[in-house]
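Please go over the structures that come below.
Next, two complexes with chain A in common: one pairs it with chain B, the other with chain C.
The block that comes next holds the complex of A and B.
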């Protein structure tokens, strides 16, 4: 049987990669692919987050459930998440979710003995597994190694304590996915946009005076265009968020030029 | 803000003992206020949260003012509330100088929340029917105690006080207060706490009277998103606008959007202010354009399900949403069989008494019109208060059944000859007897069925 193959070979080009930001181009495929990636990134990439909290003492202003919820939302370094087991299919502990293969234990023991309000932060969480720590703590220790450590930087605040108040608890972090609870979602947000293909009608553009060109360029709120200082031609600035092109299209009152002449089409090209 | 909205009620809210107190877990200050709100100090105590609202249709679960909620937003604490309820227990004192006593619990079921002093301790998780106070009352509350030793253990009967709340949610004893009242009786006050996340059927409202219940909760990946990565917290159906003409809500959306993008709290008065402190819609639009938004406040969104752009631009921005205190958990009710009233033997009424759901007159009319007579018979009699009576076919009055002689008998005719058995609602029999007591004689004329 000789079938027609619809297999595509998408290409990825990384444009920017930081600790908390990632931007890449996805080519030679369509939106469904980009959207599938987006959905998986939000909901199905496993991470580690605090899932069970046993409170021994809590005399703070916030109640136990409140603190448990806040602890759950603290992002943890999840490099080990792939090697970890989901507690529901862990054989070592019969789904108990408390063994070394499927859980990481945290301890928090803070007491305020001064007259100043004490902030209990993610720094106070003591992990039994040095590779699983709150991400802000990790990034700070990384920064201190490279020398640029700012000791004034605070962690993620869990609760504030007054004199005599105490918080003592044991927390268990487990592996999970964003579909079950947003605390396991690895991304703050994931989005994509189609790359606009912009054709400037040079012929028509030549009919404009420099002054008109300037105001045309100015009228874009995100400054998508530039005027070449040498040739006085209008350029598209590729590093500007091209997305806003479509907002312009929607018709700003200040935008008086016949756009449809200048823009020929916006084809489907995915640029994540 | 209003009477029904949740939020902070006072600075001492956590040390108060109200019968019922609803607090919001993360109250916020509205992004868009008016000068008056500020002068009155209405924004000092938060009563809601700034939700990113997309005005569009989604899934069909948003008809009739229902709203669609983003599950991830709920996970992150949107609309989360704390319900605090008070329950008071009094140790009674009796005329024979005896009184109730609270004793240390043995290892008994439903008493796991109790401390050694017999009172539930703060922080304990309790379920329905769990005992809060291990209380005992003397069996004899009237006669003077003659023995010099006082009452023994067997002279006391248990009179435990238990928690009667809905099942499902985790309920915790928040605080326990001991005090004596004006009659010098010892009282125990329990503040019982529940932390609730919004569920389908919970009521929300914006500040423009646009109230609605949660129709469905949708995963974030299915929600529409913008190219900036903004995803709404809730979706509101646009049909709420034309007939209600809540222009203020649209201005709030615009102003809120301008506010978040410029990092400033805006004023939302309809016509701006001559002093120039408040913003007109024109100024707001200008701010929006400066930050790369469309001046109408509409955004270009993609469908989260397909990844394709939505066909229309979506009016999206932050609106201050309040959670109202009407929650399904407190209201939902259903019953199969259950308690009945003693007088009429009909099912009780109301949720508090685990009552039945009434098939009212209008519903009855429908069934009559349709001709579903057996259904009416079932609803109005068999499932309500069926009662078997002995009727004398001669005098038409109700007789009785003599269990000793195993015969029925008419007390009017003093004979059991013309008796027949039939079923009628107990309420009907009651009516006959009440009429008879007023010298009105209802007579039944029976025909062979």
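The block that comes next holds the complex of A and C.
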């Protein structure tokens, strides 16, 4: 590249990581970068969701399109989404969206023959591709292997049937993005916020009496400050709940911590 | 598509189809980092049309080259973030705080 580069190299620090929750700091860059990430996570990461439903028999209380909509919203394991084709640019089936490269077929066949109400759930969906199954079904089979989870836990309810009612259908799941329909959005919510920068005017603070300092500390709604019992100086509390997400200087012991929190670059973080 | 004059290369408006704030705002940020850029901004003329206009005015260099450079930088930055992210995740998985988090649940 012959051009000139003025870019910075952002840094990332992970705060928390769970299967369905993620929190990290992104530093040395700008809101536009974090916002682009956020927008991409919500609307442009491809996933798989049910897109076409052919109802063969439906005598339930819900109408066909209602059920089709509910099926679309069931989250499916989308690890294979990257390898799949969008049905609109699949040559194998002429954009039909019915071939193995761009679709996964599901079948559902349930009939209630008892006096008890029967719940039709995501468990009843039969996939033709074992790698694409409802997310809750997958996590349950994973948990039952390790033996910790309550295997009696039911799936996502699609409809309830009473005696004599029946639901039979064929569903086609396709690859898509959140921009086209929210059912393809992989994230429940993605937010980011600037990390607050706190400067305490030491000189002015010294002019306050102990009583005034106490009331100043009390005035913080989230109780992030404290008074040092030895020096009667205002301290930033590292272990307060509010400070937890503001915890940027974990290398420094609390008692040595100065009254300034200085950050050289504008930091902010992204919550996923 | 580039809108501008043949004689004045340093000022131009670029129309990008099928793009939105995600790209446009990031590019604008990269352009603003570049000292060769005198002015830049973007707009989406109509919300139901997938089009963004990016205006670039430079201090002398050709606007299209400056835009190309900033797009290149953006690609590099995204690659960097991707790499840094994977790195942090694998580091974090080894850290004691992650082990702690897992024993909680």
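Some points to look at:
To be clear about the criterion, the second predicted complex is superposed on the first by the 194 of 272 C-alpha atoms of A that agree within 3 Å, B and C clash if a C-alpha of one lies under 4 Å from a C-alpha of the other, contacts with A are read in each partner's own complex, and residues count from 1 in each chain.
Assume a contact is a pair of C-beta atoms (placed from the backbone, for glycine too) under 8 Å apart; a residue touches a chain by one contact, two chains touch by 3 or more.
Quick caveat: nothing in here was measured; it's all calculated off a predicted structure.
With both structures placed on the common chain, the touch criterion links A:63 to chain B but leaves chain C unconnected.
Judged by the touch definition given at the top, the superposed model places A:9 against chain C, while chain B stays out of reach.
In the superposition on chain A, contact of A:17 is made with chain C only, not with chain B. When both complexes are overlaid on chain A, the residue A:35 reaches chain B and chain C alike. Touching more residues of chain A than its counterpart among chain B and chain C is B. In the overlay built on the shared chain, the residue A:182 is in contact with chain B alone; chain C does not reach it. Touching of chain A by both chain B and chain C, each in its own complex, is seen for residues 32, 35-36, 39.
On the side of chain A, the complex with chain C involves touching residues 1, 3-14, 16-18, 24, 26, 29-30, 32-33, 35-37, 39-40, 44.
Chain A contributes residues 31-32, 34-36, 38-39, 42-43, 55, 58, 61, 63-66, 69, 73, 178-179, 181-183, 185, 188-194, 221-222, 241, 243-244, 246-247, 250, 252-254 to its touches with chain B in the complex. Remark: chain C residues 20-23, 25-26, 28-30, 33-36, 65-66, 68-69, 72-74, 76-77, 80-81, 84-85, 87-89, 91-93, 98, 101, 105 touch chain A in the complex.
Those residues of chain B that touch chain A in the shared complex are 14, 25, 71-73, 75-77, 80, 82, 123, 170, 172, 174, 193, 195, 219-221, 225-231, 289-296, 298, 300, 302, 304, 306-309, 313.
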